[in-house]
Each structure stands twice: as structure tokens, then as C-alpha cells.
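Both complexes shown next keep subunit A, but they swap its partner, so subunit B is in the first and subunit C is in the second.
Showing the complex of A and B:
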């Protein structure tokens, strides 16, 4: 597999050098890379799920280490692990139920994680499998028939190992697992690529005529969201904070104008001044934490505070790949990244000041240029994800649906 | 110069009282609070100078014992000038204040100079004292305590009414103080005019006014104005003291509605008169139609060519206008000083045309200059106040003055305003603010406020160990200039953009901000972004201190930053200086869908502000209307 290895190295380098930015792009690359890792991984006959999980974890750790601040990488790796675990479990349960009719009936599972080729089996078994795999959530309770969900079953991790021994001898199942996992990963890729449309579809429910919307940073999700509302003949006006020192706002403004939206570019400092005339703040997140906090482009906390002061709804758009199962501790500092001071100050102008230190060796001038900002959950009014709108307090629930508890710490 | 400077210093403690009460320094206030009452009651009894003692019931510490212990110190100096002890008494008692309040502050160093200056002020005391006495008589002592501030200009009428026996006393005082020949001269004139007033009573007050005015812009150089002024005040004063100004006055109080640029007929009218040719911006922001939105950078060449055709425009004014236009002069104080100095030139070169009176003609002239300056750049509140002051002075010039005298008086009035309201005020602010900086502090400032810069430099001179975070924002990036100056002095600095404010606010211990104006609902009107900084600081529980000279206070109120604001050059936003890689918006500036909004100011709600440091002391934002009412009325509205 030198092939895969070189791909991993290349991707790691890109992450390190920050050549790939934006959580969506990163997530897409990551999941594609993981797909090739899985497809090229030669699975042993015994314990193949564990082998796959180990392989993915090994790659995932490298990727996460390359850019620990890009939480989307970790998220996607966890999602892939979850897919593997779930496929494995469904195969085992199928085997256990003695239903070896491997007719690939389409599954309409909501969270798209795996969903293909469930062997036809009784609802009870499916429910049992689910309930062991993840803690009971509202969704699972509603999906499965309640009485069958109570079928006793052993713990999931136990199921893993014991299932392996049983299924090992069947070569058809061996191939089936890998095939199913890759199918699941493909679906994930599809989902990440399509999350904009899913989110944008909801725009019409949130944006009304003559609305004034403030946004900052440059997010494709926000762009699509606004344009979707525009296409539905809603006329509204958008204020874009320019987002110094990266000026992503200029980029967004350019795109918005190209799509024919009424756009006004304001300085970042005018956010508070303008917020009193704004009906809604819509931002794209860099990552959504398990507590409902948001990591977004720098300056977003200021806007959130101003919005709270003026009781303006603060809406965060986030694809499900941005959902991070971690609870943040001091995220402004620990999950942040400092960029080059040259974006703020011209080194040429201030070169004489930088080494002014009077013998102490420490420069008198420091320049701080963080990339991200953290918004605590109490400032967020609503999350709009590809699965619909959610309250910040519900985020941990979604996370339970997407990730298995075993993977939270990689 | 000196003498004028110091009176302010004297008054400071007085006002600082306001700050005192609020800034919870119980030791000094408690000590002195009981005293005022005692002093109020005591003055009549005391033979020396009842008025002097009663001067400020609330603020002034107990005249007797307190002053006696402090006496030797300053008394010696004061005594040299004034043979009569009363003056020194009251002085020393006043002085207690600063000492008490500022024990930690370096301000003490300058005490010697203060003492000298006290003498003239001393004469002012009687009048004030009387007033307060009158107030006390009329009813409650506490009330007078509050109003002591305004009391200053009330004396003359009262003094004669209430206590004629005081005359001798005051006269003797006066003799001492009349060293300023001009004042004496004016007094003489005034005496002639206002014969109705008892000579003594009349004479003393002008002096008081003059000297006190030093502190409070009034700067009554001319005796005439003061007497008139006093008349007005007296008329309203005793009877309506509690009730506030009369109906008519109140009407005058309400600030004029500003020009709304969405009112077409008025805009057309204004355009016809305009000297500066403004072209409407192409992409106007709908929300701000009521504000002028002009193309920037086009007017200058046009104006330059007009230079020799503009007969009525004084070259000094013209120059200042061009400097505003090009942005060479920016910042509230700098703009105000430049304008006042131009007006001084105007006054110097002025000669009354035949068949016109100086008062009216010059007011008209100034008005036309002001409208020219407005065309160049909308006035700041500080400039508005200064213009009101100048016009007021002109209107109050006594007809008896010869032209040269009137001109001299005006020029010196303006000079006084610059010195006391701006330069000395800044020094006093620095003195106050420095006491709030401790070793190990991390101070955050935003933009490039001059007052804050002075505070930081002073604190550094005092060898306090602190670090400064300079927060900056586009498009002006004034913070870089401040940063450079601070670093030159060897102060440790951190620089960042306003977006990163939540990132660095964790380490900040105090936020120092400047202000373009403080409105009477406590709103701080300042460089755009100040509100953001104050808000984030508030969210992180960091105290926000605003440094602002009291002459920038205004009785207007404002709730948001939309209704009244100034729009800068929109093109400054689309182009990022020094970052050629940011060129996303290059071809789009004429697109009708795209507007650029370059707001210049914003309004910070008062609940984000912990304290406003002014030349009258450190006050909470809720006390702003008090200062506006009590201090500005006397020199601007009366």
C-alpha cells in the first residue's frame, strides 16, 4: 500500500501547511482518503472489523495531529469508524438472527451513516442492534417499535468480538463488510458534498421579505442559504462584515453581488452600530462543539454579544460534518490558531520596533492574529443543520446519533 | 496664563466631589459631608468671611479646623498674596480635597503653583458662598450641595441682596485680586453700566466670575457680559433654583434638530449656498439617507482653484477647512483647537464695516465660516460647543467696548477656552486617570485617543509597570500610530484587530477609551468600534474607563448609532491598504447591488461604561447630565 501511504503523507503535508482550509474541503478530502485506505486495506479473515478500525484510526491520528484545530478531520474519521462499527454490527445481528438471505434491501435510515444492504430481518433485531450501538435517543425510540426494542442483548463491544469469531468463516460476509463500509463512506461523501443544498432548502422558512441580515466570514453554506431565499423571490438586504485581517467578507460580498443580492459591506467595528437595524445574524460555523458552542471566524463572538444585546436571533449554519463530539475547554485559546502578524502590520514599517527590547531580549511589540472565535451556547439562538433546525442544547443528542461512544477519544 | 490655569485646578476638587460621591471613597466624603452643613450655618456667625466659608456647602471641607491644620502649608503662600485670611482659608479648605482624594497621585507635586493661583479665586468665594447660603436659607442643604457647581455664576445679585455687610470684606478681597488690570478696567466699565447693582456686590462678582470662569470656560474677561449673565441667572436663580431654568430657557436648551439630508428642499437650499462642491455618492446606503453621502476626494482640487475668488472667506478658516477635508487634522481636540485658532486670526484681522455693529456682523461672519467648515466635514460635538461659546462671547460683548478692546477680549477668551477646556483639562484627566493604573495592569485601548495616550505616557513616566493592548480597526488604522508612539517610549505593547477582541480580553484588567462626545443619557459617542470593545469588556467583567474632556459633553441624547453619525469615504473599505492580494471587490464599486458603509462613530450604551474621567473628576455615566446642566449652562447657554 505505498500508494495509500503516499496519499496520506501528501494530505498531512497539506494540512500542516494549511494549504487546505475550510472544514468542508477538509472533510471531503479526509473521507475520500479514508475510503481509499479502506478499499486498499487487506482485511484478515478473522476480526476484520477491528482490523479496519485500527487501520482507519492509524491514519486518522496522523491527520488529526497534522492540524488539531481543523476539527472536521477528527469528525469525519469518527464518522467512518462509526460506519464500520455499525455495518459490522448489522451483519452480526443478521447472522445471529439466522437470516442469511443477503438481499440488499434499501434502508431508509435517517442519519445516512450506513444504510445500504441491511439484510432483511425483523424490526426487533434492527432495533436491538441500534439500541446496543448507541444510547437510546429520541430518534431511535421513534423508529424502532418500542416493545421490540426491549429485546435483551449483550453490550456492543462484546458483540463486536464475538461476532467476529462467528462470521470469520464466511467469505461472503468478509467481502460484504468491506463492501458495505465503502458504500457507507460513499454515502458520507455524498452527504458532505450535498449538505449545502439540504441546509439551503430551509432558507425560505427563516428569511422573510425585507429582512436585514448580518453575516461575517466567508462560508459557502451561508452563501447558498441566502441565495436560496433570493431564488424564492424574497427580497432582503445583507450586511457583510469584512472580517479583517483576512477580508473573507469581501469574498462573500463579491459572490453575493454576483448573484444579485443587495449587499452592503461594513467594517468589523461597525457591527455593534448596525446590529440595531438587523433582523437576523447568520453565520457559518467552523465547528460545533458538543455543548452547543460554536467555533467560527474571528469576530463572531463580538457579533453574537451584540446580537444578544439587541435580541437579534443568532443563527448558525452547520453541516453535520462540523459537529464535533468534544466538550470544549477554553476553546478561544486551545482550539485557536494564530496567523502571521504580517496580516496586521507591515513588517517593513515596524521592523525597527520589533527588536526594540531594551537589552532584555524580549520584543516590546507583540502582534496577535487569531483565526477563530468561540461563541458560547447561550448566545446561539438556532442551529440549522442538514437534518433540520436544532437548539444548542440538543447538540449533544445529535452527536450521539452520529458517533459511537468508543471513538470519542481517538 | 498661570493664574488662569490654576483656578481650574481649584475648581476641580469641587467638581471632583461629584466623582467622589459616586466613586465611593468613603473616607474623604464622610469626613467632609457633615461639614458642609456646619459651614452653611456657620458663615453668618463667622466674622472673617462668612461667604468664604460657606462657599460650597457640600464640597468644601470644614472651614475652620480642617483648614487650620492644613493652613501652614498653603496658607503661607496664599497669605503672601492676600492679607485677608478668609481667602486663604477657603482656599486651603478647598485644597484639602485634592489632597484627600489624590493622596496617591503625583498631582501634589504641583501644589506650589496651585497655591499661587488660588488667590484670585479666593475673591470669588464670597459670591459663591453667598449663593449657597441663600440656597441654604431657602431650604435644604443637600440640594445646594448638588448645585454648587452651577452656583458659581450666581453670586453678584445675590450677594448684594443677601449680605451687604459683606461688601467690605469682598472689597478688600477684590483689591488684592484686581491685579489683573484688564479685569479692573472692565469692572469699572461694568460698574458704570450696572449701577443698579451695589458697587461692592457688583464689583466682587465679576472678579469671581473671571477667576472661576478660568476653571469653567466662562472666562469672563469682560465685566459686562458677566454682569448681564449674572442678571439673567439671578433672575432665574433664587426663585427657580429648584425648579430649574425658566420655560424660555428650557426651550433654548433643547438642541436644534440637525439637518436631515433626506429632506430634499433643505438640501437643495443648502447646496445653493455651499462653497464646497459635493457630488452625491453613487451608491448610497438606504439606511443612511438622512446623512450626507458624498464622493470623497473630488472637492479638494476644486476648492484650491477657488482660493482667490473667495473673498469673504478668511484664509485661516479656509486653510483649516482644507485640512479637515483632506484629513490632515483629525481627532476632536485637534480639530477644535485648529478651528478656534483660525477664529482667533479672524478676530485679529477683523474690522467692523461701516454702519454695522461688531456683535452682529462678527456673529454672521463666524456663522458663515462655520457653515463652510461643515461643508468640509461635519462638525464634531466638541466643535459645536466651542462655536457656541465663541458666539456667546461675541453676543455678550458690551457695546461700550471699543473695537480693539472687544477684539482683544475675544481673542483672549478663545485662548482661555483652548487652554482651560482642552489643554489643562487633559492634564487634569491624566492626573485622575493615572491613579487608576497599578503595577501589573494590562490596559486595553482602542484607536488612538489623545487623552488615553497622555495617561499611558504619564503612567510610564511614573514608572508604573503595565502592558498596553492596542486594538485597531479598519479603515483608519489609527492604532498603528499610537502603537508606534508608545513603543518609542518603551512601553510594552500588543497589537491586534478588533475582531480578536474576545481572544485578548481575558488578560485585560482595564479598558481605557476616548470619546468624541458624551451625551447626556450617558451614551458615549466615539470612534466606531468603541461600543464593540466596551461590550466585550463588559461581557468579560473588565472595567471600562472613558477619558473625555467636559467640554465635549452635550445635552443631546441618542440611543443608537444610526440616527446621527458621519459617513467616511466608502472607497476606503473596498481597498485594503498594503494588502494587494485582497482585491475581490475591485471591479464592483459601481455595482448597484453593492454598497460600502464607512461609519465614523458609534454610540456606546451607558451600561457598558464603568466610569467617565473628566476634568471635573471621575463620574459614573449617570452623572453626565448633572455636569452638562450645571457646568455648561453657565458659559454656553446663559
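Showing the complex of A and C:
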């Protein structure tokens, strides 16, 4: 097993040099890295959750700083933190429940506790705790104990449960906590890996026979989505706006044609001209902000405005790791990145325009090459995430499910 | 091979030999072996100088690392301790993907020496195992290397003699751009269009000055076609095979990579080694060779051509700055007064304070600087911990760490202030001066850094004999200042503007442009497009070319033609035909022809034996009378007639004794023969009226004649008027 620290440094380097791009790849790498951080972290006896949170936060801060514009990194770090908090909460709740139980059966040995059959922790407990105790803090937790403690008696799930003795519960909780957290992180990995299929499954409900779909730039989610509809024997046409200056639309067109879809490539500037023939615009997002605004490849806002003008539905596909709990007006959020002008201009041809020695010494030619565009929520008709379709105004609710409020500011 | 390499990286227990064979290595020369950055480099090695607040070597290492290089040998020479110390404390020493090894040698005084040293080390330790990348520590680039190295290796497999691949980049094809962008001379190369083999490499201005480039004939024998470029920029990035090191060892006189090694390899046909070129298109690469390229590369970085090595990305342990509008980068803790005006393309470092009413444009300001109020900073580079007091004016200057500029001081364009210099109150530092706390070295080899026959920047060489007489040390920068202003000898002063951070002065710019225009017009005639030489650049060559030379030859030719015409009694129309063809081949105006024809006639008259002025006049009038038609053919327009008069005047000035007395007479003769019209003579007189007294000699001489002409024309006008009415 390679040293976690070196893995972190390597990943940070990749992020800094912009060697790793695309939110899915980044998210996957981040969550795997965090899993190793958690699994190799030696947890102290007291306050294990806080220790884990600190460790994850420390790594997370490095990662976020390495490429602040890649919001997926921050999202995944927050998700992992949330998992830790949740697991901690549920364990504590269970412990509280166990405490109550122990009042009744005092002589329980911690090692034999398994399978003795006190269904201390159950989904119901957690659910109750979640609903009543958000945001969770020790204070509210303790206050809420009496009522939630009554739940175990009624619940009948015979799942794994542990009752803790007062003296020796710590170590077992530790082990359990770490185990549960890793379990949760694994689920997250699974979720990120499977988000394309989850989203693509819904394709058939959205794409209908003989429709014309417009997309811009290249997104793997969009590709899978369109192909899933194609596999279900829907016949439709796709317009691909090329996505200057990186022209990733060309790649997407290639892929689509390889999978047997009718594809038309148009320039970005022709989007408005073509939009009247389009039935739906489908876009892959770089990130979805808490207000339902979308950060996507440059040119997306233009397509969204064109779609609104012609009342064409504007659909955004986003895996849940792209949901960012921050608002776009937050100064902490770096919304855009300016890339090299060489994507627009040939340096050799324009070198005389960049001649600083002659004239006033200040360059008269400036090149701005932004990577992303922001689409305000009112232009988005529908979000399709791995949990189904959502309205932009519902995004904040989804985010509240995925993130805990304590982690918003890292 | 790349795939294999990656596999090897993943499996740690891979066969060690296999792994090391595939390892990508680079030699980084952390010494420029030049003195262009003096006096700054006397105190700190060039590679550690900050460019946009990050030491140059960090750009190079960050690029090498991300291009997949796994091991870098940093060759330290001057100030080696500083370089090693810096690297040890930087994150490069503990970098997971890049092994940085330092090699120290104090004896090396050139790139050639350094590589020879490497070779000696090599025989003992055999560190360099295969092809390697050779760069200097002042290279800023973002080009990918893996494919290039691969290309080099494949070529090497096929052709044992292909030992080096040179990276080139297209730049605009005028010498003006070369000059003003990177401050380097124009580069001229010949490449085989099919194999990309380098056939000729010419960077010396001396050779270009002749207005022609000499290619060896054998070059054309061996190759079906040759591409000539003059719009190429050498990036100074080379992929070398190990043979390069042994070549340096064999040829102990090779000092510089380009001037000696590349030329040596190209000329030497015994060994038959070949150099190939690789042109990069979308990526950036440039070397910081002098202060001008420092300025240009800084601005390219600010304009993000070097992405991802830009100030708002943390690429090498630098603290990222925040990118604002109009390309301003600002540290989050920089304090700026509300009334300060920070313009476009400006960088402001950490902990810097900017006072009231400051105007900052196109400048880079380092960390921890404090700038007083009402300061103007334009196009300048302020490094770290600089204190600038109220009301200073700084334009196009480089200000090193720890400098203090007291209130009201002015730095004129092109000034370089080295470390910890103090500029006194209200002191004006003259343009292009270099100021240091250290005295200018008086002998050439007083320092590790040496200059090698750099004709363009021989400041130190030339002044080596000058013994500085600095008694009033403190007062050199004002009463409360500290530092020596370095002497620049006369010869080098002209060159100073070329390599300075300041924009090229207008008059110099006009000069260069003039030279280029002349080239353009001349090239069409001198270099006819030939089938073999496919020139893809619009103008083949030349920096300086004196148009007068051409005119001189033209005049000679015309004279010869005219003499032949007299001797052989050739008809006028045939002579005009011949002169016309001469005019075309020399690309002259018809006014030049008029001048030249007149010149040859007068010359003929003067050369004919004569005793007195009147005899000379008779000679002249007889020749001109005889060849009136010829002259008349060329002096149809007023401009041409004026040209003739000017020419005549010029001739008279050259030989005043002979021609002087007959000036008016001949002028009158020409007027009578209708060769010259009165308008022309009057216009000439008008033009001359404002000239110096010395120039007016002949004007005065024919004053009467002109007076008479004027009266005549007035009368005519009156007549006309009368007729009209």
C-alpha cells in the first residue's frame, strides 16, 4: 500500500498542473484517495469522528486549493465528511439507545453483545435522529435521546446491532465507526461510478421518437444518455455544437456516429439559427450550484437563452457528485478559469501583435479564453440526476440531503 | 514505449535495468554563462531571479516534471550554493515524480565546459543512460515532451547519426519582431522539408549584414529541396543522444551550444552527425536571454500563454494570486488604497501596500513591497521587499529585492537597480543605467560568469580597461543614496536599448523599420525566386543594408554604359533600353536614373582634358547637346529635374574647384536646351532657401539667374492674365 501522503501529493500535483480534468474522473480519484486516508488514519480513542473529520478536512483543503475551479473535489470531500458525521451520529444514537438498554440488563459483556438481540440501532433510529437533530450537535443529540431511545423497543429489525457497556464501548465504537464510514465511502464510490447508468436509464422517458436533440461540447453523461435512448430503439437526431475553442463537440460527434446515431455538427454561433428545429437541449454540467444555477462549458448560456426564446426545454444532466452546496455569489467560489490564448490564436501568426518592445510597451491585444459559463436557474427546465428528475428550485433540498451544514465552509 | 514506462512506474518491483533504460532525463544548466543580466547576477544566479514573482527555475522544473521527465541534473556553476540551497528548501527535492540532482562545478565557464564535465562524471557514474533533454534554467515552456522524445528515439533507431532534435517555433517574419520581442538577432535556418533535418543555422548578425546568406553548394546537391526560414525562433530546448556529450569531449574548443556545437556538427561531414528540428505550434516556449525577453516573457505569462504556469495557479509551491478583470493578478492580502489606479496586466504580490493616488500600469510588483502615495509605476518589475517613497516615478525599470527609492526619485526607462540599492531623494537615474552596490568588475574573469565574444553586449569586455574612479561613492545616487552606476562604454551604449526592458525608442524603431523596408524592396531584385530554394518567408534576409551602396553600383553601371555608348556611338534608344534594364535590376526609381545619367555625362565632361572653366563648359555643353535626347528621356517630370539639379550640386560640392565656377552656366545651358524647366529650378531654389549657409553656395551663385527666371515667369503670368481678361 503506497503511503497516503505521497498519494495526496501526487494527486495535488495532478490537479495543479491541470493534468486531470473532468468532474467524474476527479471525483472518483478524490473519493478513492479519501478512502485510503480514512482507512490508514489511526483513530484515537476519544472523539474519533472529530479526528477523522479533521484528517479528511486537512487533505480536502489541500485538494481544493490545488484546483479551486474543479468544484467536484470540494463536493466529494464534503460528502465524505457528511458520511462521517452521519455514521457518528447513528452510532452515538445507538450507543444512547444501548445505554438505556443497559439500564435494564446491566451485566452484558461487550464481546458477546453481537447477536444478543437488542435491536439498538436501526434505520428508524437514524431516520428519527436525522429528522429531529439537524444540524446535529451534541447538545441536541443529548436532548433528543429520550424520545429516540424509545424507538428501538418498537423496531423489529434484527440487523447487526451492538449494545455498549459503559466502560469498554469506546474501542468497539471506533472500529465500528471507521468500518461504517469506509462502507459509506464505498457506496459513494459506487454511486459516482454508476451515475452515468443511473442517469442514462431515464433517457427513454425524456427522448421521444423523431425528436431533434441539441447538445454543446462533450460530456460522457450526455453520450451515455443519448446512447441509452438509441439502444431502446428510439430514433432521433442529434445536433452537436462544436464547443469552440476546444472543439470537444467534434469528439462527441465521432462517438455518436460510432454508436450509430444521426448526428449533425454545427458551429456554436449557429445555435440560435438551429434552435427552432430542436425539441430539446441536453447539456452536461460541470457543476450545479445550490441555487440551481449551472456551470457548464463556455457557450452554454447562449444555448440556454436561445432555448428559452424558442421555448425549447433545457435539460441538464448531472451526477450527484456535481451538486455543489455553495451559491455562485459566494466569493469563495471560483467560477471560471482562463486558459491559454493559444487555443484561440496561433502564436506564430500573432507574435507581432504581442510585440511589447515597440510602441508603448503595453500589449494592445488581449485574449480571454474562459473555460466555463454560468446558466442562471431560471433558464433550466429540468435537472436529471442519478436520483431522478428535479426542478431547479428543488436543488437546495437535494443538497441538504447530501451535505451537512457544518461543512459548507471548509 | 510510453505505455511500458507507465507500467513500470506502477509496478515497483520492476526490473531495475529496464526501468532505468526508459527513464526520461534532463540536464538543466542553471547558469547562463553570459553577463546580460549583470549587475543583478553578481549577487544572485539568474535562474533564481523571479519572473512574475516565481524564480525562473521553478517554471523550468514544473514544466519538465509535467512533461514526464523523471530525473533532472541541475548543473550549477555561478552561485552554486544559492541554487543548491534553494532547491533543497523547495518542494522539488522531495518531489515524488521528479528526482532533482545537483551537480556542482566551478571550473566551467561555458555550456561546453559544463557538458564536458557531465561527460567526465558520466564515465565514472554513468548517470545519463540514454537520450536526454538539454535546457537552460531560464526556459519557460508548456510544451509536451513525451512525443518528441519518442520521435527522437525512433529516428535514432533508424539513423544512428541523428543525435539531436532541436525545438523551434514560428514567430513573425521580420527582424523587427525578433528584435523587439526577445531582443535576439534574427535567426536564419535551412531545413530539409521532408526529413526536417537542419541544414544550416545562422544567428550571427555579422553575416547577415552583408545582405546575403551563403549556403554551401553541397547543401543543394544532396537535397532535392531546401526550406529556408527567417521567421523561426529557437526555443533552446534540445533532445540529445549521449553522443552529444562525447562530441563535446572530443571537440574541446566547443563553448557555446549554438555557435560552436550546432555549426560544428553541420559543417563536419566526416562524422556525418545530423541534427533535426521539431516545430511546435500550440505550445509556448521561450528562453529568457536578456532584459528584453524578461519583459516579453513576463507579459506572455500574464497573458496566460504559458498556461498552466500562470500566477493564479499554484504550480510549484508559489502562492496563487487571484485573477481579476483585465488580467490583473492580486494577492488576497495586498492592501490597496482606494484612490490608487491599478491598470491592466498588473501583478501585485503578497503583503504589498499601495498608497494613495498611485498609478500602476503593466507592472509586476513582488511580495512585501511598500509603495508610498502618488507614485507612478509603468511597465516595471519591482521584486520583493522594495520600498518606494512618495512621488517617485518609475518607468520600464527592473528593481531588485530590498531596494529603497526615496521620495521624488525618478527612474528613467531601462534602468536596472540591483539588490539593496538606495536611490536618493529627488535623484534622477538616467536611462539604461545599471546600478549596483558592487563595483563594476574591472577585469574580465573576475567572476565565475564569463562573457563569450558577444559582439552585441560587450559592455563588460570593452570597459575592462576603464578603471572606475569612484571616490564620491555615496553621492552617485544622490546624497542619501547608495550604489554605483555602472559605466557603459560608448560602443555598447548604442546596443543598450536592444536588451533593455524599456520599449525601443521611436528613432531606433524607425531605423529598423527603414532597414526592413529597404530590404523588402531590394530583395525582389536581388533574390529571384529559384526553383530549388523554396523560400517560404517573404523576405529572405538582412538586418542592415545601406541603400546608398546599391545606388553607387547603379551609378557606376550607368556610367559604364554611357561610356560605351560614346565609344561605340550607340543609338540613343538602345542606350535608354540598357539603362532601363539596369534600373529594373537595381530596383531604382526613374529619378535615380536621371541623376545617374546626368552624373555620367558630367563625369565624362570633367574627365575630358580641359584647361579652363570655359573649356570645361564647352565640353559639357557639347556632350549634353549631343545626348540631349537621352537626358530628356529621363528628366520628364519636375521631380526628376530637381533630382538632376541636386545631383549636380552634389557633384559640385565634391569637386568645387573644377565644377564650381560653371554651375550657373551649365544650369542655364540646361534650361535653354529645355532639359530643365523653370518650375524645377524655382522649386529647387525654394527647397534650398531654408538650408544651411554652407549648402547655399551654389544657390547664391545662380541667384541672378533665378531672379531672372522669376521675373520671366511673372511676366508670363501677367501676360496670361492680360490674355484672360
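Everything that follows uses one rule, which is that the second predicted complex is superposed on the first by the 334 of 410 C-alpha atoms of A that agree within 3 Å, B and C clash if a C-alpha of one lies under 4 Å from a C-alpha of the other, contacts with A are read in each partner's own complex, and residues count from 1 in each chain.
We adopt the following convention: a contact is a pair of C-beta atoms (placed from the backbone, for glycine too) under 8 Å apart; a residue touches a chain by one contact, two chains touch by 3 or more.
What you see is a predicted model; the values in this text were computed from it and never measured.
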Simultaneous placement of subunit C and subunit B on subunit A, clash or fit: fit
First (subunit B), second (subunit C), both or neither touched by A:6: second
Which of subunit B and subunit C A:332 touches, first, second, both or neither: first
Touched partner set for A:270, first subunit B, second subunit C, both or neither: first
Subunit B versus subunit C as contact partner of A:346, first or second or both or neither: both
A:369 touches, of subunit B and subunit C: first, second, both or neither? both
Which superposed partner A:250 touches (first subunit B, second subunit C, both, neither): first
Per-residue contact with subunit A, leading partner among subunit C and subunit B: B
Subunit B versus subunit C as contact partner of A:261, first or second or both or neither: first
Minimum Cα separation, subunit C to subunit B, after superposition on A (Å): 7
On subunit A, positions contacted by subunit B and by subunit C: 343, 346, 349, 356, 358, 366-367, 369
Interfacial residue positions of subunit A with respect to subunit B in the complex: 237, 239, 242-245, 247, 250-251, 253-254, 256-257, 260-274, 276-277, 298-299, 301-302, 305-306, 309, 332-333, 336, 343-346, 349-350, 353, 356, 358, 364-370, 373-374
For the subunit B and subunit A complex, residues of the former touching the latter: 285-287, 472-475, 480, 483-484, 487-488, 490-504, 506, 527-529, 531-532, 535-536, 539, 560-562, 565, 573-574, 576, 578-579, 582, 584-585, 588, 591, 593-599, 601-603, 605
Residue numbers on subunit C that touch subunit A, as the complex places them: 62, 65-66, 95-97, 142, 169-172, 174, 176-177, 179-181, 183, 231, 281-284, 292, 295-296, 299-300, 303-308, 313-315, 320, 323, 326-327, 344-345, 361-362, 378-379, 396, 502-504, 509
Subunit C-touching residues of subunit A, taken from the complex the two chains share: 6, 9-10, 13, 16-19, 65-66, 338-343, 346-349, 351-352, 354-363, 366-367, 369
